[in-house]
Amino acid sequence: MKTNAYVLTISCPDRVGIVAKVSAFLAEHDCMIAEANHHADTHSGMFFMRNEITDIKVSDEEFRAGFSKIAEEFGMQWKLNSTCEKKRVLLMVSKQDHCLQDLLYRWSSGELEYDIPCVISNHLDMKALVEWYGIPYIHVPVTPENKPQAFAEVVKWVDHYEADTIVLARYMQIIPPELCQKYSGQIINIHHSFLPSFIGAKPYHQAFERGVKLIGATCHYVTEDLDAGPIIEQDVVRVSHSESAAEMVILGKDVEKNVLARGLKFHLQDRVLVYGNKTVVFA
Amino acid sequence: MKTNAYVLTISCPDRVGIVAKVSAFLAEHDCMIAEANHHADTHSGMFFMRNEITDIKVSDEEFRAGFSKIAEEFGMQWKLNSTCEKKRVLLMVSKQDHCLQDLLYRWSSGELEYDIPCVISNHLDMKALVEWYGIPYIHVPVTPENKPQAFAEVVKWVDHYEADTIVLARYMQIIPPELCQKYSGQIINIHHSFLPSFIGAKPYHQAFERGVKLIGATCHYVTEDLDAGPIIEQDVVRVSHSESAAEMVILGKDVEKNVLARGLKFHLQDRVLVYGNKTVVFA
Amino acid sequence: MKTNAYVLTISCPDRVGIVAKVSAFLAEHDCMIAEANHHADTHSGMFFMRNEITDIKVSDEEFRAGFSKIAEEFGMQWKLNSTCEKKRVLLMVSKQDHCLQDLLYRWSSGELEYDIPCVISNHLDMKALVEWYGIPYIHVPVTPENKPQAFAEVVKWVDHYEADTIVLARYMQIIPPELCQKYSGQIINIHHSFLPSFIGAKPYHQAFERGVKLIGATCHYVTEDLDAGPIIEQDVVRVSHSESAAEMVILGKDVEKNVLARGLKFHLQDRVLVYGNKTVVFA
Amino acid sequence: MKTNAYVLTISCPDRVGIVAKVSAFLAEHDCMIAEANHHADTHSGMFFMRNEITDIKVSDEEFRAGFSKIAEEFGMQWKLNSTCEKKRVLLMVSKQDHCLQDLLYRWSSGELEYDIPCVISNHLDMKALVEWYGIPYIHVPVTPENKPQAFAEVVKWVDHYEADTIVLARYMQIIPPELCQKYSGQIINIHHSFLPSFIGAKPYHQAFERGVKLIGATCHYVTEDLDAGPIIEQDVVRVSHSESAAEMVILGKDVEKNVLARGLKFHLQDRVLVYGNKTVVFA
């Protein structure tokens, strides 16, 4: 993406003239449109729009002030994000390292553009790895007894580091409902099954028992309903009778990390618009 | 496949010497092995084997008589099928024609080698199509009142035509339990979801509501438990926010017919060995 | 798609204000935008746009007259197609029937919305099938001697039936250069390899010899350079050592027909914009 | 895989009795067959066999001595590898790190079972990473002038570390013919295109120019003919008009590393049998 580039995303009730008003505003401010997608959802009556724009000639503040009038007129939910300001993504992990490894690599190689202010874990296993990358590793143990305090500490770190996104990179603790609400649309989880199949624990063992021929993974926003939030991305990989449940776990690691990386990429590039319990993904 | 070619499939408790005994027998009868697969399932302690053999120098009967002694010794379930004798596959269909069309085409083009003695339907919609292919079309209406008589008639036709396989090519009636038992491992169904997700009615509408990013289809043997029999083959296709439930139905047609065709192919070539509620598929 | 729905596609040199001008015009004419995609190609400096619009309140003619002024101002190539007027697609075929069968089925089931005014073939093999669907079958034999006359006859039929698209559904004759030019962007071919691999004859045999692990198909617009026109769609299927060249041919049939159907769908829905020897496909 | 487990692979001219002789020998030595695959290639008249066996009751030496008589009788090329003795894989890399990172991770996590005696590079870029994993990093600069000496040094290290496999994990130097011969079937390369398309330099830029809709990668054994050795594994990923050549390079990284990892896995598990310029892969 270019310097001085922005992504403007909009959701609002559909009616005639939305695009005309938005694009007139963009033209008045000399913006080039590098890529845009519009979608009218006839089921919900909503209109969704994503614009990658370059060469804004005014300041952020001036742009926002002007645009907020249009937004008010059309009842828009909207965001303007500079592609030069990287999102601040706090990673949480337990003992499985494949998703963390993958996200650290994609970060360090510049393949995915984002900042990692810190990694929080309820275990110490990943400390050496994370610190090798020069990233602070914060150990917040979680027990049945200390859960409220532990997650209060997580919140403290999220605030401290001004993280705007939290990625559960195989973090094996259930997030308390109040955090799900507080960070609605900001917590991304990778679930190791093709949801809604095999909700809950040990999905690969469930898949093995059922004898399915494909196993999958699901990247979704976290809500209070376990494994039931808006789905961002999914994928599957073929298995056969020759894989044990343990071998499915290993095969699943690839699909998990790839699905999480793609889902996060869509999120980082503001390609995901949530409505109700579903997503529009302008991939 | 060659003339004078056979497929020998075997399932039995695992122990040393099975392959030695079987292959010595094959060598004594001058058989060439064109393709073979062996799988030991450590979970169940079972051994599975499929051999494509050519150039048997003795008669079927002589071969069977000799081999049955080995089978007894090892507690084998086994089948010897000539690849020259096509399986007799009775098709059942309701009003959706895509799977039927596909199976008729693959049959007429020789892409899949099997006989279709007749097509049975609870409707008349497909009559002209089926008869154009020169295949008898048997109309067996099903109502809540006549269900036992209707399926008695189905059984009569299966017997009459000496069908060894029944394919439910989008046949929208539940098969009575006694038929499921009578034709265990012989009735193949295509379910229009990626089982075990979205069991029951209107799976595409369920998928649309949940906002999944992939929809699928499942080919399985029919058992008394609805949509829960041994899975033969599955596949998925990508969808997005831009597809309505109705458009998912259309996209799903392709994956349904392809999954059914692949599943049937595996069955026709004796590549599927059922054990418990699972399958070994030597694809 | 809705009644009274249009697709407006635009290609032009990129600059500020294109979308503003277009969408203002649409709003003035009370158009709703159901779906839109914009793409700025930084490599060529071109801007591409596709708008699905509904509820135009003026006549086609009035709309076109008004819009042509904008088009002139921005140097646009543009098309306005009603989604209610089906495209007229003339099919050409030789002896391989899988693509033809597939296109006929998708047409008759309404899965793909288009008209088939006639099928032209250099052989008689498909006559019964095509006529069963109630479509005229025109036999135009092609020999080295009569090629100019034969293709003059093809042109005559294209004109007679006012076809706007010609699909070569495994038509095994090379189209003369003058027809490639006359119908530029209107002739769609399916090539039975993953281009640019295995150009020319017997691609599956070439693939077998090379020992590739995937075989593919390519749907492209026909140009004077054999197998080198703008690619619309491609896909592959996995093969292994166990497939002979003849079995690859059979496996390839599925990927060929699916790639052609998807490519044609994109064309029918005006999702393909050609520039140079490449395509923008707003899939 | 189990302790005391072996893989026995065999290639020989096809005839009756091969399996009988081999499996009788295995049974005499009390071997269990965990998994086996046989393939008769009618094109070449060759027979290929892979057996995973457990519980050999005799020593390696005794087994080999006995089996070599059978091998001689049937003109077999054969290998017996213990799955307990990990293969020794020397990695070579230049400046691109994604394949190296991936292989190091799969090694350290035990996902792929092999030893890495050292990493050789013509650059210093990966030194810190490799040494963090505790693996020796050997810098062997290559210039047009020192090429013979440089590769003599490589050979020295291969011998010193008794490596049985060399993986070119994006190593951007052409391997001299004499090394290709010396280590025939032992050097694995990942090529960043779907071969035979786009042979040579900058395949992603070639793909961008041609406007293909899928890009791919190919894992193959290195021979004297550049990019033309026996193919082990291939895969592709979808691209569109919206990807620049630079973005294709990034997307291609995932498919490259996954294809290399799968190809290496097949090699490590002795699933690949080379014949002529092709492979049998018992995946």
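The letters A, B, C and D name the chains in turn, as written, and every chain counts its residues from 1.
Note that in this section contacts are C-beta pairs under 8 Å (C-beta built on N, C-alpha and C of every residue); 3 or more make two chains touch, one makes a residue touch a chain.
Keep in mind the model is a prediction, meaning the values are calculated, not measured.
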Quick check for the class: compute each chain's Cα centroid; which one is farthest from the centroid of chain B? A
With centres defined as the mean C-alpha position, give me the chain A-chain C separation in Å. 37
With chain centres taken as the means of their Cα atoms, state the distance from chain A to chain B in Å. 41
Touching at least 2 other chains, the residues of chain D are 35, 39, 42, 242
Which word fits the touch map of the chains here: line, ring, star, complete or other? complete
If you look only at chain C, which of its residues touch chain A in the complex? 14-24, 26-28, 30-40, 42, 47, 55
Chain A-facing residues of chain D, complex: 35, 97-98, 101, 105, 109, 111, 132, 242, 250, 253-254, 258
Going by the contact rule set out above, which residues of chain B touch chain A in the complex? 39, 41-43, 48, 194-198, 210-214, 216, 230-236, 240-242, 244, 277-281, 283
